[in-house]
Each structure stands twice: as C-alpha cells, then as structure tokens.
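Here's a structure for you.
The letters A, B and C name the chains in turn, as written, and every chain counts its residues from 1.
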Amino acid sequence: MTSTPHQTTPGVRANRVRRGLAPVPFLAPGMLFLIVFMAIPVGLLAFYTFFKRGRFGGLVFEFTFDNWIKLLEPLYLGVIVQSIGMALVVTLLALAIGYPMAYAIAGLSPKWRTIALIAVVLPFWTNFLVRTYAWILLLNNAGWLNQALQGLGLTDEPISMLYTPQAIVVGLLYMYLPLMVLPLYASLQQLDPSLREAATNLGANPWRAFRTVTLPLSLPGALTGCVFVFVPAMSNFVIPELIGGGKTVMVGNLVRDQFFEARDWPFGATLALLLTIILVLVIVLQSAVSRRVTEGPRRG
Amino acid sequence: MAEPIARTDVAASANPTTTAMRELEPSAKPRAVRRPRGILVPLWLGYVFLYLPILIVVIMSFNDSENLFVWRGFSLRWYPEVFADGALMQGLGNTLIVATGATAIATVLGTLLAYGIQHYTRGGFVRAFAIAPAILPDLLLGIGLLTLFSLLGITLGLHSVILAHGVFATAFVTAIVLARMASLDPSLEEASRDLGAGPVRTFVRVTLPQLAPGIVAGALLAFTLSLDEFVIAFFTTAPTQPTLPIVIYSMVRFGVTPEVNALATLLLFVSVVTVIAAQRLTRLTGSSK
Amino acid sequence: MPTTRRIVAVAAGTIAVALAATSCSTGGGEVDPSADITEQTLTVSIWADYYPEDLAEQFEEATGVKTTIVNHTTNEDIVAKLTASADSGIDVAFVSGQYAQALGEQGLLAELDKSLIPNESNLYPEALELDYDEGNVYSEPYAWGTTGLCYRPDLTGYDPTSWNDLLNPKPELEGKTTMLSTDRWLAMPALKAAGHSLNTTDDGELAEAKDQLLKTKPTLLAYDDTTFYSKLVSGEAAMVEAWDGWCNYGIAEDPTIKFVVPDEGADLWVDTMTVLESSKNKEAAMAFINYILDPKVQSWVAENILYKVPNQAAMEALDPALIESYPTLGITVDELFDQEVIVDLGEDSLKYVDLNSEVLATN
C-alpha cells in the first residue's frame, strides 16, 4: 500500500513522536509469544548443531563441527540435491498445469469463477493424509489405475507406479497444485482487460497479446506460486514415506528420522536449518525477481 | 463493475443469466477478444487430476468389501464404525480442543500485533517477524518446539500442541488483519484520538468493530489450518493425546481399513458445507461494504 | 546484535526458570504393595491392534483401576517420547526386549515388585532367562517370536530356505519383495546370511551387511514394517521379511501363504511390558502386568493376533486346530531358543542406527 495523504499531515507526525509506551500493550504479548515459541526454538536448534548427540536423543555438551561436516558427505549431499531437484520438478509441473487452469478461471464469469476457485481449493480442505492415501489406492500394482489399464487391454502385467520417485512427484504435485493456481489466478484476475483488448485492437493476435501483455504481468503471481509449492514440497516427509515406500528419501524424511529413528537431534537440527536456509534463499530470490519484474517496466 | 468481456462460450451457454447480463452490460462488446476454444480443456483436466483420488475414496467408502481393490456392492456399514472407533473419536476431540485453543491465542495476539504493527512500527522487521511462522517450514517449527519442551522438561500433551499451533496461527491472523487494516479509513481513529480517547480506548471502541470481518476471517483460517495440521502436532504431541491427523496417519501406516474411506468422506462433506457457509458469510459481509 | 542476543538469552533464562518451576518434579516414588490401586489411574502405551479392544474395560472391571490405552507406532517412537520429557504421562509401556534393557539401564524403568505379579509363575521357565533382562527385573514378556520369510508359493514358484532368497532375489521376483526397515531387523537378514551374529558390533561385519543391503535395495518393492502382509494378499509382493505373528495376518486372509525361518537362523524377539519410573501409579501398573499374565487373558494374544506367548499355561491350552492353521504358533520353545536373542548394545547401538540411516538415505 502506498502512503495515504493523511499520513503526511503534521498531526500524525506529532502523534508518532509522543507514542511513548503506547505500543507496548499491542506489540508485547504477541512478540513475547513468538520470541518464546518461535525465535528461541529456532535459536536452540542452531545451538544444537554444534554439539554431540546423546544416546536417547537430546545432546551431550561437547562442542563440535561434525554435524555441519557430515552434511558434506556424499550420502547426505545427494539427498539434499535430489530433494531440490524433485521439488523443482514438482514446481515446474505445477506451473505448467496451474497456469492454464488459472488463466481459464480468470476468464470465467464472476459467478463461475467463484465456483471454479472453490473447486480448486476444496481438495485442499480434506485431510492431506487421506488425499495421500488415495494415491496408494490408485497407483498400487493391484490398484484402480492398473485395473483400468488391464481392463482396457493396454497392458497385461501391472505397471509398477507406486513406490517410485515419480509417484512421489505426482503425490507432491497433487498436494500443492492449488497453492500454484491461487496466486496465479490472483495476478491474472487483476490484469486490466483493456490492456489485452488494446493489444488486440492494435493488431496483435491473441497469442501475441498473451505473450506481450498477460504473461509478463502474471509473472509475480507465478513466482509466488512457485515459492508456495517449492517450500512445502521440499520439506514434506509423509508423501515420500507413504507413496515412496521408504526407498526414496527426501530432506524432510532425514530430519524426521534423525529425531525419531536415529535419535541424532543435533544432526537433525543441522539438516533442518540447512533446509530452512535454502528455503529462505528461494524466497529472497523470488521477492528480488518479482520486484524487478513489477518495477522494471514502469520505470523504463 | 462487472467484468465486461472475455467470457467463454461454455460458461455463457451453460448459464442463461450470464448471457442475459452480458447483453445488458453497455461495455460488453460481443466477443471483443475471443478466447481460444480449447481454453477450458486444461481446466477440466486439472479438475480430473484433483478429484479422481477423492472420488475413489468416496466410492470405496460405500464398498461392502474389506478389500480396498475389489468392489463387492453398496454398503453403509463403514460409517457407524467410524463413530464406534474410540481412537478416531478421541483424535477428533483432541483436534477440536487444539484448534479452539490455538485459535483463541492467535486471534487475540494476532489482532493486537496487527494493530501495533500498523500504528507503531515503521521498518518491516516486526511485521516480517510476526508473519515469519507462516512461511517457516513446519518441520523446523515442530522439531524446534520439541527441542525446547524437552530441554525444559515440559510434559508433552495437548497444551504443547496448542502453543505450537498458536505460533503459526498467530502469523496468519496477523497477516489477514493487517490486510484488512490497510483498507480501513484512518480518519475515524484520528477523530477518536482528537476527541481525547487514548490508544487503548480508540482500539477497543473504534478500530476493533471495523476490523471484525478481518478478525473473523483470520480466526476461521487459523481454526481450519490447525484442524488439518499434522507435522507440528506430530512432533509436539504426547503419545497419549494424538490429534485426528495423527490417528489417521497411524491408520494409513498400519494398513488401511475401509473405515478410513468413510471418515474421509465425512470430512470432505464437512469441508464442503463449511466452504459453502463461509462463502455465503463473506458474500453477506462483503455486500454491506 | 550483542544486545539482542543478550535479551534473547535473558528471556530464555527467565522462561526456563518459570517453566521449570511449574513443571512437576519427576519420579513417582517407591512401590507400596499396600497402596489402594482403585484410586490410581493407568495409562498404557502399546502398539495398535496388539491387544483386545476392550482391554481397558476388562481391567477396570477386574480391578477398579481407571485405564486409558494409547498407541505408539514403533519402539523408536515410544522411546523418543519417553525420553523427550521427564514425565510422559505413561505408566506401562510395551517395548521390545532390547529397548526394555536400554531404558532400564537409563534408570527410566521401575523394578518390578514380584509380590504384585504372582502370575509370573505361568511363564515358561525360559522366559525368565532372556539375555536382555535376566530374571525379569524390569520387564515381563508379552509375546515372542522370530522373524523369517513370509511368502506366496504361487507367486514365488518355489519354497525359499535362505535369507539370500530375499537379499539376492531371482530376477522374476525383483520388485516383488519387501524388507523391514526398523531398528535391528533391517540388518538382521544380511548379518545372518553372512554367518554373523545379529548382535555384532564388528565394523567390518556391519560394513559387509551394509553393502549387501544397498545391493538389495533396488530389488525391493518397498520397505514395509506394517503392511507387508497385505501386500502379499493383494499380490503386490511375493515374498516379504516378516515377524511370524504378522505373517499369520496374511495367512488368515490367504491360507496358501507360508512362513519359513531361513536356514541361517534369525532372531528371538520379545515384546515386553515395563513400568515407568516416572509413573505415579506403579502398583496399578504392576497389577496390570499381573492381569495380562493370567493365562486366560494372555491366551487372547495367541488366539486373536496369532502371536506366540511366553505363557506356558496359555500355550498348552491352545486349540490344536489353531496351530494347524497357523503353523508358526507350533514353533516350540526349544526351536525358538535356537534363534539369537536381540540385546541392547549400549553405545554400539548407534552403529545400527547409523547403518539404518545410511541404507535408507541412499537413493
């Protein structure tokens, strides 16, 4: 929001100066709560990364860099790189599927638009474990998709689909597709139709009008959608476990297993922090690019 | 203003009122920009992708067979079993307690925070800090809180999940109330203050009523997010107090009984009803604007 | 920055003190055999579907103790929860023997007061001489058994006899086998196939096992600790590494399914009942264990979930027809004791933990 003229009046400025303790009742409770239950836990994890594990979880107070060095082992580096790759594939697929969907919805009449949007969000409102498990029913060797394929005579032997990395990608895509469609829709819907109209009237064919007008202006929405999909896709551990059959491991699984199976809390904390650092970098990148995109044309 | 153009043939023909409306709109130059005919195809395909798995679950909830891959005829027998299942019902009760508690915390703290941020902070730091839990990976928050609770020797239970859910819920309420605040007319508060009311009084008497729709929306979102939250609850709950998603997780892990299908169908039904109700509600409050 | 850090540190300290003050002191006190257990309430954590559905009501009716039963998914799951907080709220925890040993050594378990558990006399004498807890100081056995191959002869086309049938499957069985991935059972087939002890702490032997497991991984359909039997029934899998009792779940649905302990041998696992030191209801907890050890109660395990129980009286009263249908129930105590008891390895347990994470994390 740009500043309203109101904020430049002298009265308000005076107000700002004599605020004194006024903010305390508003800011203190929430900030204190978030400091205790967000900042300190995250800080604690950062602290844990420099200590040794205890045998039953917890830690031994012996300073070490081992946890960070362990990250560089090909085994864990490989998992991290593969997770980034899979989350990236999921994001791109979501964009490829979500963009035409959002574009089509933005073109509907207001009434249908609402219905279409609700239809996109609705699956998101059913328990995500149930949605994950539905894919097990579908992709299973004895599952419905294989039954259909065999029934249609397309294959004799069931095709192995479940418990593969591809199945994980499909599961993640399914889980987070609505998060791509919504921001895309928001930016497409805000587009001034007259712009597109102008382009068409000036002789641009629909494709060209789309490419030169719609596409650039919907880029911020696309970028937001990409972050919305990439971030949770990368840290999910339930889908790799249930749909991946435990054979393909993503960073989220590593973290979970360090806490509940391996009882190596310091290394789990290290992995989680690395994951967070990667995700923060992605968000920073997204906002930088999107600022460029939105501000660029206006200045130029 | 209604959108003047760019309506698809399918939507228009499917809905006579829209077609009629289009003719009434002065700016509706018929087919000024024609959209390519196939534009709805990806949308429909997208819906098939989104709904096929759900459809399977719903259909199988009425399957008489215990075998999830064989259809043996229509039956409602799994539905009573959902309600007879003590673990599921306990999970449901816990989930409702957690969601209520977390929403209460988040609504109060988030509203106050949003007001404070809007009126008393200039840089983006406090705002970013308050909204951070919404963006932070749930995994990080979950293990961070587990670590904290464990270090302090706090017994895990519903209270620890409520606090944990309160964290991300606060962020969402703050964000939504902030958005609502941005669209408010500041002159009312100004007037209140000019008339001698202190900040707290102004907040309670003037700002709060204006913010109400935003607060309600924020609270609703917080509640629904908490209902379905799995990861943070997974790390911060006691084994004695599983929330519904955790109960479902162990059911799915331990070989699915058709009961899960019935439960999922019921949850879906509740979601649909809630979404429609919320939609009606926002339309009502929206139209008064 | 230094100031913010100090503020955070001070805040953390303050909160820590405040919270420590509010959290109750730990330790439930000494066992008092004369305590009135009807005034106690009991929380029992056990694996899902491993007990009669109305067990809580049964016990409440028999003793007047208000009882809640909660479920955990794995040993690691419950141990993590038990060690994460000073008082988990749990009085009786069901864990496998090696975990009872480890928890006992950590001082987390209460010593059992045998005067409160007279039904211990129903157990096989051997059940009091298990390596993880000789004399049953901290634990009483609930069920026991071994691990082997559970398979469908119609899908395998032959009867497997060796762990190598699983570890290096015939080409036509690739993608049709599953292995257990939880704690010691992941490494066990590879260790046994190579002729090593399943309690080995030798780095070379463990490295050898790891190499084998990594070679096996691409041939698996999945790692599965909980639903392998239904994968057999649905035909997704032809052969799975399975606990004997769980194989019976498959046999119950498809009687052609068979179970075999491979020639190289396997483990003798015991699932035990323990009382937490933090419990404030120790007398009721021990009364609960005693109640389970009643042959009429413990036989439920054999009759309904088809696991062998260490309760001699219960096993001798078992219906022969049941053993006919589920041959694993007929495995004798002697045969069982030919297998190797899993024991906790102290600090060296971490070697298995690391082996598991490394095998599972390799993509």
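The rule is short, and it goes like this: a residue touches a chain if its C-beta (ideal position, glycine included) is under 8 Å from a C-beta of that chain, and two chains touch if they have at least 3 such contacts.
Quick caveat: nothing in here was measured; it's all calculated off a predicted structure.
Common neighbours of chain A and chain B under the contact rule above are C. Averaging C-alpha coordinates per chain and comparing to chain B, the farthest chain turns out to be C.
Between chain A and chain B, the centres computed from C-alpha atoms are 16 Å apart.
Look at where the CA atoms of chain B average out and do the same for chain C: the two points lie 39 Å apart. With each centre defined as the average position of its C-alpha atoms, the distance from chain A to chain C rounds to 37 Å.
For chain A, residues that reach two or more other chains under the stated contact definition are 39-40, 57-58, 140, 142, 259.
Touching two or more other chains at once are residues 69, 146, 150-151, 253 of chain B. Chain C has residues 15, 77, 84, 234 in contact with two or more other chains.
Interface residues of chain C facing chain A in the complex, by the touch rule stated above, are 8, 11-12, 15, 74, 76-77, 79-80, 83-84, 102, 106, 175, 181-183, 217, 220-224, 234-236, 347, 349-350, 353-354, 356-358, 360-363.
If you check the complex, the residues on chain A that touch chain C are 32, 35-36, 39-40, 43, 55-58, 75-76, 78-79, 82, 140-142, 160, 162-163, 165, 245-249, 254, 257-264. In the complex of the two chains, the chain A residues touching chain B come out as 1, 4, 6-7, 11-12, 15, 19, 22-23, 25-27, 29-31, 33-34, 37-42, 44-45, 48, 57-58, 97-98, 100-101, 103-105, 107-112, 114, 116, 118-123, 125-138, 140, 142-144, 147, 174, 177-178, 181, 193, 196-197, 200, 206, 209, 231-232, 235, 237-238, 242, 252, 255-256, 259, 265, 268-269, 272-273, 275-276, 279, 283.
Against chain A, the residues of chain B that register as touching in their complex are 2-8, 11-12, 14-15, 18, 21, 32-36, 39-40, 42-43, 45-47, 49-54, 56-57, 60, 68-69, 105, 108-110, 112-113, 115-117, 119-121, 126, 129-130, 132-133, 135-141, 143-148, 150-151, 163-164, 166-167, 170, 174, 182, 186-187, 190, 193-194, 198-200, 203, 224, 228, 230-231, 235, 244-245, 248-249, 252-253, 256, 260, 263-264, 267-268, 271-272, 274-275, 279. Chain C makes touch with chain B in their complex at residues 15-16, 19-20, 23-24, 26, 43, 45, 48-49, 68, 70-73, 77-78, 81, 84-90, 226-227, 229-230, 234.
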